[in-house]
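Order of writing sets the labels: A, B and C. Residues in every chain begin at 1.
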Amino acid sequence: MLELRLVQGSLLKKVLEAIKELVNDANFDCSATGFSLQAMDSSHVALVALLLRSDGFEHYRCDRNISMGMNLNNVSKMLRCAGNDDIITIKADDGSDTVTFMFESPTQDRIADFEMKLMDIDSEHLGIPEAEYHAIVRMPSADFARICKDLASIGDTVVISVTKEGVKFSTRGDIGTANIVLRQNTSVDKPEEATVIEMNEPVSLTFALRYMNSFTRATPLSNTVTISLSSELPVVVEYKIAEMGYIRSGPHTEVLIVLLYCKN
Amino acid sequence: MLELRLVQGSLLKKVLEAIKELVNDANFDCSATGFSLQAMDSSHVALVALLLRSDGFEHYRCDRNISMGMNLNNVSKMLRCAGNDDIITIKADDGSDTVTFMFESPTQDRIADFEMKLMDIDSEHLGIPEAEYHAIVRMPSADFARICKDLASIGDTVVISVTKEGVKFSTRGDIGTANIVLRQNTSVDKPEEATVIEMNEPVSLTFALRYMNSFTRATPLSNTVTISLSSELPVVVEYKIAEMGYIRSGPHTEVLIVLLYCKN
Amino acid sequence: MLELRLVQGSLLKKVLEAIKELVNDANFDCSATGFSLQAMDSSHVALVALLLRSDGFEHYRCDRNISMGMNLNNVSKMLRCAGNDDIITIKADDGSDTVTFMFESPTQDRIADFEMKLMDIDSEHLGIPEAEYHAIVRMPSADFARICKDLASIGDTVVISVTKEGVKFSTRGDIGTANIVLRQNTSVDKPEEATVIEMNEPVSLTFALRYMNSFTRATPLSNTVTISLSSELPVVVEYKIAEMGYIRSGPHTEVLIVLLYCKN
């Protein structure tokens, strides 16, 4: 039996909005660690990895590991029916081929339940290598989203170059060229407004803006984004959330990680 | 001669927005009682009944009963030209085949008049029976609108069931099933936030969500909606307005009623 | 060498949004006086004349007169990448066939540059006659925009008539007729809310609402619009800006004029 109660239900809504463009069908895996998903987009260029740690749930019961295949568009349709303040409970009986999402309004006057058939989905489990990256850029997620959107109006690909001067995003299209340079900036009022560049060696990599713009759909999940770059590895675009409304305490500061992974 | 002066002109704008989706052409009937409309939608499933009592007008002159046929889409186009604070006057001369809508800005610096040709429309007058209903649900109109919108993303029809536990809205579609349960709730800060259920006997009826969603276009007119259900009668979805900006006093507390009436 | 630094970069964004619908390609002319543009729309009915006086720039260096042909849609795409608080610098080297737009964020942490190829555009220079007009109406630009939008839902042309009573905007369409009358009104809280009518002789002229609605795209540039009417001359619709963020002083109170000019 599975029963996961998430006080900050709006988080799950945002997660689905973030990933449903990239992935159509995927298995949600439930274990003692947490509620997770790993899936490639249909063109096998990007990998979405998501983990909501069990710590982040008010109540987390998962008697045995279970993998539940769902169409993310349908899950998103159901979650859109949840109010932003609703408590969401995910329930599944052992051996059942359905999953139930239950939404409770804060005052308990409105209780909604949505039952959905599960699907069988073949999934290849791709490990994301623990690796040393040439450069890691942490910046406000809204700034990264704005840059990707702006450059997409000029060209199709972005070159991300990290030097000791800063990080440069460049594109080229029919109407001209564009370069946006951000300098390291840590003297800000709030830590999430900082742009922090850790560089082991200079790196310059090219990516499709279409994918970067899909990734930025996760912007509402976190104030900051971390971009890890290496010439030998896919880029990792990471949105971490430190708070899920109900955190019991524990060794992890982040309870949700959305990791987007794109081949160069 | 007809001359009706409505201080709260935005009300007439909202009324037209509410009903123009359901009804294309209709007769506005003017008598000593008030300004009214009764019309069926083109598929003869829903009935719209509207009454703006004469009490609600600052000035109400209607020398003899008159029926004015109008295309509601055209009326809506003209009313969209009125500012939200404008005073609206409806004028028609005896025997004339036109009606004039006059909009005055509160400071009188801007006066607009729109003249429109009247149409001949055959209208069957359908009485709405004064009847005993099995159950009457009064709830915040925004909640009802949200439920109808949410369920329409899952299925095509809604089953509304009233029991002593509360009112349940259910649907079923390709992606699964959904149930939303509201309990009676009268311990709220403002009376219009209450959900009040009057039940004589349990009732469970099925309606097309398409119509329910058309009805909810009247949501801006009133904070509450009243749904009257009986297994032998069409459902009545009622939006009442107690204030029209200028009320002289009188026996009626409501001066505007939009009544939507849908066969099961 | 050309280098123009504009502290209030959002102004340039608004200018492009205002004129890019009317004119596809145009020459920006740069001289000691300022940064200007004069172009006809493709159907040769409307003339756009724009002048940003050199006074309005923080830094204005223009070694010799230069005419730079640009596709306004492409310029607009680039300017949309500038933040609303960004400082914009326009740069061109002598003899170069490119222009560079540079955007600096207020804190200098983000610097973007966009390079665009220039085009060769034949331009006829049309003088706008200094003339005596029958009537000049100055009114809030938002009111003028609202009137043009409202009337366009009824008819295709507007008759603007000025008499000593006020200014009347009229249209006629399939669904009826509409008249909007504004009276002179100078007893307002803020001078930009006034409607001021200077009339030498009554005038009544007809214009295509499509053009008037294109002109009103300049509304965000100025709180007031001035409409100059004469039966022998094209109408002049003028949006003036007194402030560009950085004004050194000088004989002119307006530093930006967008002038729209429409044949009757």
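The working rule: a contact is a pair of C-beta atoms (placed from the backbone, for glycine too) under 8 Å apart; a residue touches a chain by one contact, two chains touch by 3 or more.
Since the structure is predicted, the reported quantities are computational estimates derived from the model, not experimental observations.
Visitor: List every chain that touches both subunit B and subunit C.
Guide: Output, common partners of subunit B and subunit C: A.
Visitor: Give me the rotation angle that lays the C-alpha atoms of subunit A onto its copy subunit C, rounded to the nearest 5 degrees.
Guide: Angle of the fitting rotation, subunit A to subunit C: 120 degrees.
Visitor: From the mean C-alpha coordinate of subunit A to that of subunit B, what's the distance rounded to whole Å?
Guide: Computed from C-alpha means, the inter-chain centre distance equals 44 Å.
Visitor: Where in subunit B do residues touch two or more other chains at once?
Guide: none
Visitor: For a test of understanding, state which residues of subunit B touch subunit A in their complex under the given definition.
Guide: Counting only subunit B, the residues touching subunit A are 143, 150-151, 153-154, 175-183, 185, 195.
Visitor: State the interface residues of subunit B toward subunit C in the complex, per the touch definition above.
Guide: Those in contact with subunit C are residues 71, 74, 77-78, 80-81, 98, 107-117.
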